[in-house]
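Before anything else, here is the set of structures, which you'll find just below.
Same chain, two partners: chain A is paired with chain B first, then with chain C.
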Partner chain A sequence: MEEVKAKMSRYYLAWAKDDAIRKKGANGGFVTATLVSALEADFIDVALVVKKKSVYEGIPVLTNDPEEIKESSGSLHCVPLNLTKYVVEYAAKKRIGLPTKPCDARGIIEQAKRRQASLENVYMIGLNCGATLHPLRMREIAAYYGLDPDSVVREEIKEGKIFLVSDEEGKEKEKWMKIDELEEKGYGRRDACKSCVTKIPTMADLACGNWGSNDEKKTFVDVLTDKGETLFKNAVDSGYVAIEEAPGKGIETRQRIDAGMQKRAASWKEKMDALKALSRSERFEFYVDALKNCIHCGACKEVCPVCACEEDAKCTGLYDERDSYAISMYNLVRIFHLMDSCIHCGQCEDVCPVDIPLTLIQRRFSERMQRHLGYTPGMDVTKKPPLYETELRWSAEAE
Partner chain B sequence: MRKRLAEEEWEPKILAFCCNWCSYAGADAAGLERRQVPPTIRVIRVMCSGRIDPAFVLMGLLEGADAVLVTGCHIGDCHYVNANYKTRNRYEFLKEFVDELGLEPERLWLSWISASEGSLFAEMVRDVTEKIKKIGPSPLRREWKK
Partner chain C sequence: MKTNSSICHGCSIGCGLYLVESEEGEKRKVLHRTTSPMNEGKLCRFGTDLHTYYERETMINSVDGKEVKQDEAIKAAKESLKGMKPEELAFIALPGTITNEEIVSFLSLAAEFGCENVSFGFERFFGVVPEEAAYIIEKGLPFSEVDGASKIILFFLDPFVHYPLLARRILKAKKNGAKVIEVSFAKNERGIADETVLVVPTEVERIKEKKELFEDSLIIGELTPYTNPQLLSFMLWLNASTASRLFLLKPFLNSTGAFLLGKDSGRKDLFEILEGVEKGEIKALYLLETDLAGAMLGGEGVAETTSKLDLLIEQNAFRTHFDTAGITICSEPFFMKKGTVVNVEGRVLEIGGESEKGLQIMESIGKGRKYEEVHEEAKKRLGLGDSEINEFEIAVKREERKFEVAEPKIEKEEGGGAGEEYFLWYKTNPFFWNGIRAKNFVEISPVAMKELGLFRGDEVEIAQGEQKERIGFKISDLPQNLVLSEAKLAIKPLQGLLTRVETRRAE
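Here is the complex of A and B:
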């Protein structure tokens, strides 16, 4: 297994030399240019990118066509996809390069721990992530702005504001509001993102973003691993990317933004925890009430970036439709198995057809266990999940 | 006159997983020594406490057990090298799980009982029965009956 070196951080400002890429990219097209250069230099066989269909829709595409990568450039805030499962499907056969949010990267690392993917084959270009929005929630915001949700052509999140641009019969209309204000009124980011404290993907190979950058068309890049360095060097040497040393002020700004985001996330976590004030028996009633709606479609398991059990899973195997338990074995086993490994990405809640508040439930269970164990999943590939850890202390103690 | 079934005093149902080599033999010893063991206990013999999947415990609770005992050989005495270390590890998870779910922590027990500790076994069952009688039937069981 690949040994993880002590994280070296080196900061640069980088942007694509190609004007077309630079213009289309969210922050100078660095990620697109890096993927294209890695493809051409044969570091990766394919790139996994999310192609925009509309503001609310994107599809993951596995491609070795540089044009297609360039096409999918730019950020999509309303496509709360997790790419982990796509990586797992192809990483055995192909070397993949992909842009990752922190939760993608953490999912991939968890899968690598479970030997579903080899990190040697995966090049993760991390993206700083403030949040994603559920497409339906974004439509609500558009309606709240007084725009026709179907006519929205562009969205952007900048400096804590959500910008929407609609195109109604050739007339472009731009509206924006502060995220904080929106969220006070009940609109806004996904629950998982609101309370997420991992905003910078320090577990990926590169961490890119606009925090700390002094120009809208320059990306702040943090080179984190040897693999990241190879990618970065290749992108520079092949002439796709221009760089400059990051200013010291930028590094501070980035840290400040990160700290501020984390603080806000922590306060959201407190605010959203509906179970905090409840007594033990009320908590029990809450769980029974929430989970009794489950129709056992298995969507949460299918989409979970941590789960690696495939078809012969214990949760589905122990569940029987004829059971009349208060809480089904499917839910109990799933929650139990994720106690040490849940990365709080919120994918399960997104796909749940009966709207069970799974983000909250999984967080309640797993956070207290992870605190108890002092273990954070998805950060370090060498740290195995504690539930699977086999202790051989007996032989050591006997001696 | 015989009491109607509903009027009879509620007796807890306690599910015990006993490992073949130590705690099951311990339970056996309790009988041989003619020690009083409350009839609230239902013993399931497993070859090793390491075989007890957390799912077994959860299923036991769902099926109507008021408390579940997980018992095995003392740490270091396992007949299968280190399997009761795994039991201990899983118990840590179960404990947090049961607590978070809203069940009382007294509904889950872990104890190490060797083959000669019949008295300890009897004492433990008495102790658990008493505690469970105090806190009442498991809420999971109540739901199940509905």
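Here is the complex of A and C:
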């Protein structure tokens, strides 16, 4: 029987002891087992998980039912959902445990800085993230593989490949292709994910994944915070999780994969930047041309994980439909407002009804500003946003 | 927290979404459903705000203004309907929030009482469209046809205002190399078109001179109860006399379902029914999920007309703009419904709810069938066979046919009295987005602003006879004498397209 040492090492390989959880969950079901154990030990009141409806669809569920948590286990790359706003809504009333992609965790941290959520009430079990895919693009990939999209029962991304398993009349068929090859052909990950350089959620309490694990039924766990340590210890001590120390080779492998992914992301970012070769006036034309299609539905603001404004926001308040500016005040204010806080998650572009390349536009403005300010949003809750607009309140209450 | 998969009922596209209910089951918000093939998770302004639509005051069950139990209201409705002569009865349902199953039930309820005055809002066009061209008004086209079109004609339609989820398809078609031409009274402010055929309001007929533009195109227009039948004839003529296809968007989600399921039933034009009520020929009206006074132009007049009825029965989830209904019966909000609709692409979509309440209200008055029986009948009449409902399939397909239409003539707008130098054009139809984010301005040209002596912050007064409206304005790049409105004004277009109005600076 393993016991977590008094002074913890940081890296472990861990897996669920329960056969069913280990089988159903990704990489041995550590995340599911940890959430269930946290619930049973009363560390959390509820778990916020994404319940699988199909390979292509999942819905957010807030639950205190261990069985529902178990049902939600397993990989789900086709649900490009950010859970930040649900945490904001419920963390004031409940202690929440949830699996977080790096962009979920970064959103939650930015909201915590803006006093919209208390991190004391939030346990973030981070998931290493290579990418998410738009579900309809995954259906296209299935069709490209020669599979009936409706017959796909499992998906997995590993070793730089997208694996799909279909079940047609009881016969399972597995097909895969390298992500790079798929993306060259126009299929693949969301643009925001392709260019994302934050692959390991080092800002969460734990960071989990298969990178560095020598067994597909073991999760490589990085214990990052005291809260993470508490969760981890509890999962082990309560008998839900078995562990072993991560081998040095695994740690190196994980670092190597992360570095490789970051390099590829940087290269995609260059490749996708349609504006870099343009002159200043051409760039202005690009922005005007793209943003003129905006119908001001407000969806981008609604889903933005770092936007803490409510209905009476500057972007909506200063916008008047009767104005005829080349770029509306709504869009201008949003661009300026997000310059120090945009985490480039692409949620805004996902919901834009007229397909404005918002990830690219926001990135063009915010990345430069964040570099200039030496500030990366969503990475560290103790770092105050440099352009925080309520300086006095921050000073008075936080320092 | 409960996440319900649902369909937006804002127009005939039927975008998929989720409605997330709070743990208390009260507060709702919209979550984008990326798996939906209609909209890929994207929503327009109405869809994004859909939860606020469901926050309205719920309907009560009442008889003669007194709140009663639902059974009593149903019983009173049944007894009252029995007491009417068939020709004195009318049934109206604008098919925005009704399922195919409810349509089947509604039609059989009307038939039960021998009523042939049934309207789903589009009956005025039955006489205009030749039998062999009926498929064009009944069925739309899959959006993949828009994506892949090489030439698109936007016929008096601004997709950003009318159907934003269509706009992205047109932008996609443009990326794929399509040429987009707009035929309109004013240039699209977002410049979606590569070419604009600007039509002078008094010279609509001159579009005929540009007929060759329509060759090999996909013509996209709109059909609403207010569409000028002459304009529909014109679109059909352009379609019939060129190698083109015609795709008509509609403001009501289940328009296709209503067209196809109501085909063999006794039908009467909505406006004729209202005229019948005005004349006292129609004495009883059953309104299914239809707030006529709230949705139509000149709603107060509609309410006044219906006050002449001996019997008004309203079946609705929410309170309407009528306060004269003798019997009101409370049904469930759309997202709670069990049932199906057919979107403009021909996809059969499940609403996502579990409730059969609305259907059972009608079945309690009528035949008393179970949901499954009605559902099977709807499937049969839609020609769906035994196949499972799958949102990824275009289950209701259309086949292009050859047909002939006589060369139409567009009558010039009536009016033209002293001071009527301006034309009012409704940029959208009044059934859209009823009650949500109403606009508080009209658009006028810079020349008009100068001529009318307007300054920023002023208001304009638009008048048509006795009807007057005072409203803010926006300056747009428009022909000098055009007033564009997305706001629902008290002024009715004389022939559905535009109308002459007096415009002046409001004092």
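For the reader, a short list of remarks on this structure follows.
The criterion applied here is as follows: the second predicted complex is superposed on the first by the 379 of 399 C-alpha atoms of A that agree within 3 Å, B and C clash if a C-alpha of one lies under 4 Å from a C-alpha of the other, contacts with A are read in each partner's own complex, and residues count from 1 in each chain.
Following the convention adopted for this analysis, contacts are C-beta pairs under 8 Å (C-beta built on N, C-alpha and C of every residue); 3 or more make two chains touch, one makes a residue touch a chain.
Just so you know, these numbers come straight off a predicted model, no measurement behind them.
By the document's definition of touching, of the two partners only chain C reaches A:E57; chain B does not. Contacts of A:C307 after superposition: neither chain B nor chain C is touched. Shared-chain residue A:F284: touches chain B; no touch with chain C. Within the superposed three-chain model, A:A16 lies out of touch with both chain B and chain C [touch as defined at top]. By the touch criterion defined above, A:S324 reaches both chain B and chain C.
Look at A:L358: by the touch rule set out above, it reaches neither chain B nor chain C. By the touch criterion stated above, A:C129 is placed in contact with neither chain B nor chain C. Shared contact residues of chain A with chain B and chain C: 324. Chain B contributes residues 53-55, 58-59, 62, 75-76, 78, 81-82, 85-86, 89-90, 92-94, 96-97, 100-104, 139-140, 143-144 to its touches with chain A in the complex.
Touching chain C in their complex are the following residues of chain A: 54, 56-57, 59-62, 79-80, 86, 89-90, 134-136, 139, 149-150, 292-293, 295-299, 302-303, 321-322, 324, 350-355. Touching chain B in their complex are the following residues of chain A: 280-288, 314, 318, 323-327, 329, 332-333, 335-336, 339-340, 364-365, 368-369, 372-373, 386-387, 389-395, 397-398.
Against chain A, in their complex, chain C makes its touches with residues 1, 3, 5, 18, 20, 22-23, 30-35, 37, 39-45, 47-49, 160, 164-165, 167-168, 171-172, 190-192, 390, 392, 439, 441, 472-476.
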